[in-house]
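The data blocks that follow each hold one structure.
Two complexes are shown next, each including chain A; its partner changes from chain B in the first to chain C in the second.
Right, the complex of A and B next:
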């Protein structure tokens, strides 16, 4: 029996003392609440009537229903809503921490106008009237100079009424520059568009799949709608559904999977085609589907069979060929196999070649728009506002090319390419962006290539953040017009990421606004009014609630009552989401863009020998790595092998560390072509030798003392790697050098 | 009340399902007004009634494997309620309830000698080295059913005892003496997005936990389910928290000792 000193010691104490001291009989005196009055220096939570209010969480694109327990007018706890179609009672660690965001000191208490230098965090409170008048004046000035197109908005979401109001505002004002922040949504939307001709969101009927191959998707890290994925994983366990996780690091998902296949990072697309090769060669694909519903199969399969033999794929991926063959067979022999991709939480776009390769596997198995497969889910169709009547200035502005190049001849199929914006700003003189609005996003933190970003930032004359929190972007803005936070406001949440049915959640105020904030929907309406016609007349609503009421019409009351709307009997492929390509078939090689899948792999930036290692990011379920900063509760759960005091630990394989002469916990300098950071080293057997893995979601400079200054921001060490066909940022890592200090 | 059957509340955590996400830790902190500091990286003084540890199979790449293991208080019964911690407390500030099987902590009586901490083989007890401080405004979310603790006392998982009290009050008002299974559930059980935690009365054959674990009364509640095990079974602490795992190395690691012990490493 293995027992160390501590537990052995306690065993002895427990055994010996237990016989000498017999506890007094003590009956239910631990009424934990009655006595605290004796300790006046600890807070006594006020009592009151208990009530529950349902709303929708907006802290990630998951779309979970949450139930807030209230005591009097205080919100005291967030729980998952039972019976909700997305999360049915479950909740994630971030959703649970929401009240720390509501009541926390990182809230922006009122409109703030910068007084010091940008980023110095010196502010002056201004009234809403004053602040909005100031913005209107700047905008009118730009419009007067025929520079309306130089106003841009970076938004974390699209599709809902608030981002759509913003987009409408820009249209009526005369700017095409509404830019959504990158995520795997971009690449999946493009995949569906190119291969299926669908303007749709990706949906996965995961609960009904019976064999999952995940090309690095963090099923248990927060990919898709996190709680739904956690629940699905448990269902898989109960039903014996196999999960094969392909990624270079033993993540939570890999640890829980049935098989973890470590792979050279960035070569996932090659493995997908290697699997396709075996399936084609052994004729294991579903001929009924492939024969009648696909086009381009002959040419595509010829290429795959010629180029992606298991031998070749073994050399590229590091996974031996017998494993490749076995995996391909198990996948093809399953009834409802499903292949998914989008690394980690899916917070980056990724290469289109890789996405299309993985999606081809689903097509080979006929697993499109059917039970247990990938569904094209039509975008929400709840917004039917009248067309904007543009004046000459607006139409001229709208004719201008988007600053990110999306939709131009070069990047015809891309909708949003935010990573290109800093470079474009730096290239222009004066800056192509004269005023920047930021909505539900924190680009100052999440964008990579910080040197480029900072230079571009300095060139933008006016930056306005609508953030409820003092995040990095707000801190480096000129004006903050704080939105109510999600627990204080109405807003429609038009999708739950990866959900396979059309869904709209409704966020409703569960507490009254705690600060002098204003709903961004109302802020937009007031700005439009201040600008006067023609912008004003594009907004025929008194206020934002009136707009919601009008938008949902006779469904508004029901939506408020139930809190969501889901099309439960939705049949995939029924509406405009079937194959709308020129051939009306699934196109292995898209007619519209024959080269789209050309880059199955992209190379990481940097060269050997200057950078002998490869740095990859990893997402953790305990760290929020999107636009929301981690609340104190979450930081508290972070292991001391990830964060020690303010030092971040990177994971390195013991052999790699040994060759560098670095031992556990020791400091080191991590250098990449894009930046340098002091880190500590954690030795981990679960990471492929030659790699360095760094957690995302740390290294914040803003917020409060519970978050700021802890660890390193991965985005400071990496830059975009553009896939030249699609324009998407396909970076998955960067070459690096780690040296002892 | 003497006719009432004594309850033995316990928990079984399915380690095949547990994802290590940490939601149970935060659900517990939120429910029980557990404070937090600016730096929580010294895990020895970081108060987490529920903590998710990480076990590893000790093999090298690529055979390495990891398993997450959530650790609340085990509410050890020991022999006839002589839990390791209860037995050493000179102030009777902690007690084993024969009615519920819950090991209580009465903060008003605790004078901070910390014998119980030394006695607990599961490191489930935490000492308040400081008075709790909530950043300005944040005390608004505190739960009135649970008192914040003060400097100098020990605290630990209570199986959300206040939820039991509330459920009992409600039942009495409705003229009932017994609780339905779902009427009393801990915050972590409720929150777990993976549904990995099952909580209930081990004595009640209708409760899921009883059916899953199948405790053997002849061997102090040792599970008859071959997939189930308890931490440090051989110490004889007779815990009421059980674990399920289909991986043999996990069951073996849990049965013997936690590798974090001794090194002081928390995960």
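Right, the complex of A and C next:
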């Protein structure tokens, strides 16, 4: 039988009729509908038992306790731990976004060895054994050539067991070059050391203060322990505590303060001395304290009274003299006034003169080691490891001068001067650093003077990053040995910045490692083992957890259970014992830094008229500007007056913009002695005329597509300005030119 | 003047006229039977495909990792189903037990059963979760609260899950190749006809019970096949059409009560 056209049609019609009478079309429709709702990329809530695990956030020096909500094995939310001494249930936006760092695309999945040029981002996966053997071989070679001191480590923190293991490793190996990244911690440590003779961290009893003068500290931007500061600010509001914010820009803190005093940037120290002048002149200081517990007062007060009259200070700072007098009086008449400094988040060191001037204000009011005042908090004392037994190579190496010059005659009181390292590397031939380790830091992004840095970087033959994330430093390293990220590992957090009680937080693994990573503590131990004695015998522990167990001894179990250790009844030393200076008194003019008071202001780099404006950075809680970059959730919260698509907006006063002929949103070229960038302009009345303000934390080249290529890195436009007295990097801004395009 | 178009039309007309009517009649008469035949073949073939071949192709067959004897376990434990399938402290339902629960009794093999030995050596000792294939698992977009049904409405497990507790071995798991869910959701009957309340668990089946509980009038909902969309609308917009609420407890009436 032949099938012609008609038969075929009727076959098709029959088929269609039959199909409608079968379940096929209905079932298929239904299945496709379900299929379309369950595509694999559709986010699906985890199934499983809900549990909570407590740990410590390590994304900034805040030391907050966090509680991670888990469903089954998946972490689904981070909250602040209720009842935690530092943050009591609060959390910041970065801490909240931590899960995107855990599960996001920026993780380094396994040890990676560079295959392309540095920075090209071409990698080969290598096994841990292979990678560690490679590092050990390089190190052994350097040690063999008596170049152990050319191994350096840049670390974001110190004091905890992991940085201390690294420091110990360097000591046993024979290098003094363990260098912490700069922050206001440097200047405050030095202030306490010089004026009080204390080896201590600064602590502020902020909750009990009743009048706050902040010299540019970003109380609501992430200064100190950020969540603690947010909470303190609310408590102040409830209790009617006055906050006076002194800075050239209307920041969040300034906007929420009781009084904002715009000041010429870089002259904050002068204002502090101007206030001191009024207090001295009017005899408003606390004579009991000043009389019995201080030294050098007469000389210091004479200088201040002579040189820092309100008229002079008005000329320098731009704040009129009656305001200065009023502020000084209100400050002095408050019961527990507190003066704080450290610009923005405190991510830069700053000049020692300024810190000492502010600290002197506190001393005048007698609120050192007193309720509502500034406390010297002894460093955590949990690490009592046996002395390292150094062999001849190690001792010889340890006797070499540190590459950053810290501790030398010139910079006697500085402990870390990272900003000097690029210059020193460039000065030596061959490079004074033959191998660089980077731990919890991102110097390739955070160091200023990029031209100098890049030149130095190219001269270092071997760079090893321990980063969990593909940050700029990792991307420009030769080898990455990824650490477990903070939610996957144990580590002690030895302080919460600015907290006024000795505190240790414990980070604990809340999820198992998601990738082929290794705890850096273990990596150090394995490296030591691979190098053999004498390095190996400095590490009598099987593994890092064994080391922690041994370090905390019988407190280890309790620490694990509670998650932190705090001396809640800590009282700062009584005044008769608190000061460990030679005079056993508070030193207004420490012998070692007589010129500090003269050096309260540090000039910005660059000259007029080539650079008629001044560029200053500003910090924002929405922009992580430390060694961690913004996770996607955070970058989404950045308003388009800061970042429009990929363009960064700088803030300029309408008057300044008018004189330059630039209007809102228009592109412009920003040029400084250190670099040039294309930006857009946002007109803002909250910035003083003559200034350009630029957000920090943008302009990343690494991390993921959510962050890379967005905006400009402020550090690309500025260079360090060395404080002559302390050696610290005191740069607070740089002269600049803004021109329309 | 005639254009090209005109010429084409003329040609077409001429061709039509050249086809004599009688030849068409002849063809029609001659192939009437075969047309019917082909129609029937079409119908039968498609019915066969739809009813027999399609279901065979749609589902893949998988074996459970361990052949599990429910009946035996129910006999041994004290609290029936809830001994292993319990509510957690926070009220959420634990579902299929995790290894940790099994290990409570099966740290070591308790008998000679080869399946138990396999379970202990391959999973307990290695600390690996058993990748159970869950016949009752709804697609991810469906939200279902056991607490609301078992604790509040006091429903029996059997009502939805059937007499699974009496089974002595695990049946073959049939997975829908398109949706990835078990065949038990649509029901074994490809037409969607059910005899027991637990035979299938599609939206209409939920709706059936909810309608009953809410308005005590089942009849208004139509059969699952024909009435799919009507039912969907009635459930999605109950107030506008029939005054019914989707959630018996909360009296809420939105798609998102169940569809997440």
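To be clear about the criterion, the second predicted complex is superposed on the first by the 694 of 741 C-alpha atoms of A that agree within 3 Å, B and C clash if a C-alpha of one lies under 4 Å from a C-alpha of the other, contacts with A are read in each partner's own complex, and residues count from 1 in each chain.
Just so it is clear, a residue touches a chain if its C-beta (ideal position, glycine included) is under 8 Å from a C-beta of that chain, and two chains touch if they have at least 3 such contacts.
On a predicted model such as this, the values are computed, not experimentally measured, just so you know.
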Which of chain B and chain C A:100 touches, first, second, both or neither: first
Per the contact definition in the header, classify A:80: touching chain B only (first), chain C only (second), both, or neither. first
Now for A:47: first (chain B), second (chain C), both, or neither, which partner does it touch? both
Using the touch definition from the top, say if A:288 reaches chain B (first), chain C (second), both or neither. neither
Looking only at contacts as defined up top, I'd like to know whether chain B or chain C touches more of chain A. B
Which of chain B and chain C A:687 touches, first, second, both or neither: first
Where chain A meets both chain C and chain B, residue numbers: 1, 3-4, 6-7, 10-11, 13-15, 17-19, 21, 23-24, 26, 28, 30-32, 35, 38, 42, 44-45, 47
Counting only contacts in the complex, chain A reaches chain C at residues 1, 3-4, 6-8, 10-19, 21-24, 26-28, 30-32, 34-35, 37-38, 42, 44-45, 47, 49-50
Which part of chain B faces chain A closely enough to touch in the complex? 14, 16-17, 19-23, 25-27, 29-31, 33, 36, 38-43, 46, 48, 52, 54, 56, 59-62, 64-68, 78-79, 81-90, 92, 95-97, 99, 104-108, 115, 118-121, 131-132, 134-150, 158, 161-162, 165, 187, 190-196, 232, 234-237, 256-258, 261-262, 265-267
Okay, in this complex, where on chain C does chain A touch? 31, 34-47, 49-51, 54-55, 58, 88, 90, 92, 94-95, 98, 139-141, 176, 178-181, 186, 190-192, 202, 225, 228, 260
The chain A residues in contact with chain B across the complex are 1-7, 9-11, 13-15, 17-19, 21, 23-24, 26, 28-33, 35-36, 38-39, 41-48, 71, 74-80, 87, 89-93, 96-97, 99-100, 102-105, 220, 226-227, 230-231, 233-234, 237, 250, 252, 255-256, 260, 262, 514, 621-622, 632-641, 643-646, 653-654, 685-689, 704-706
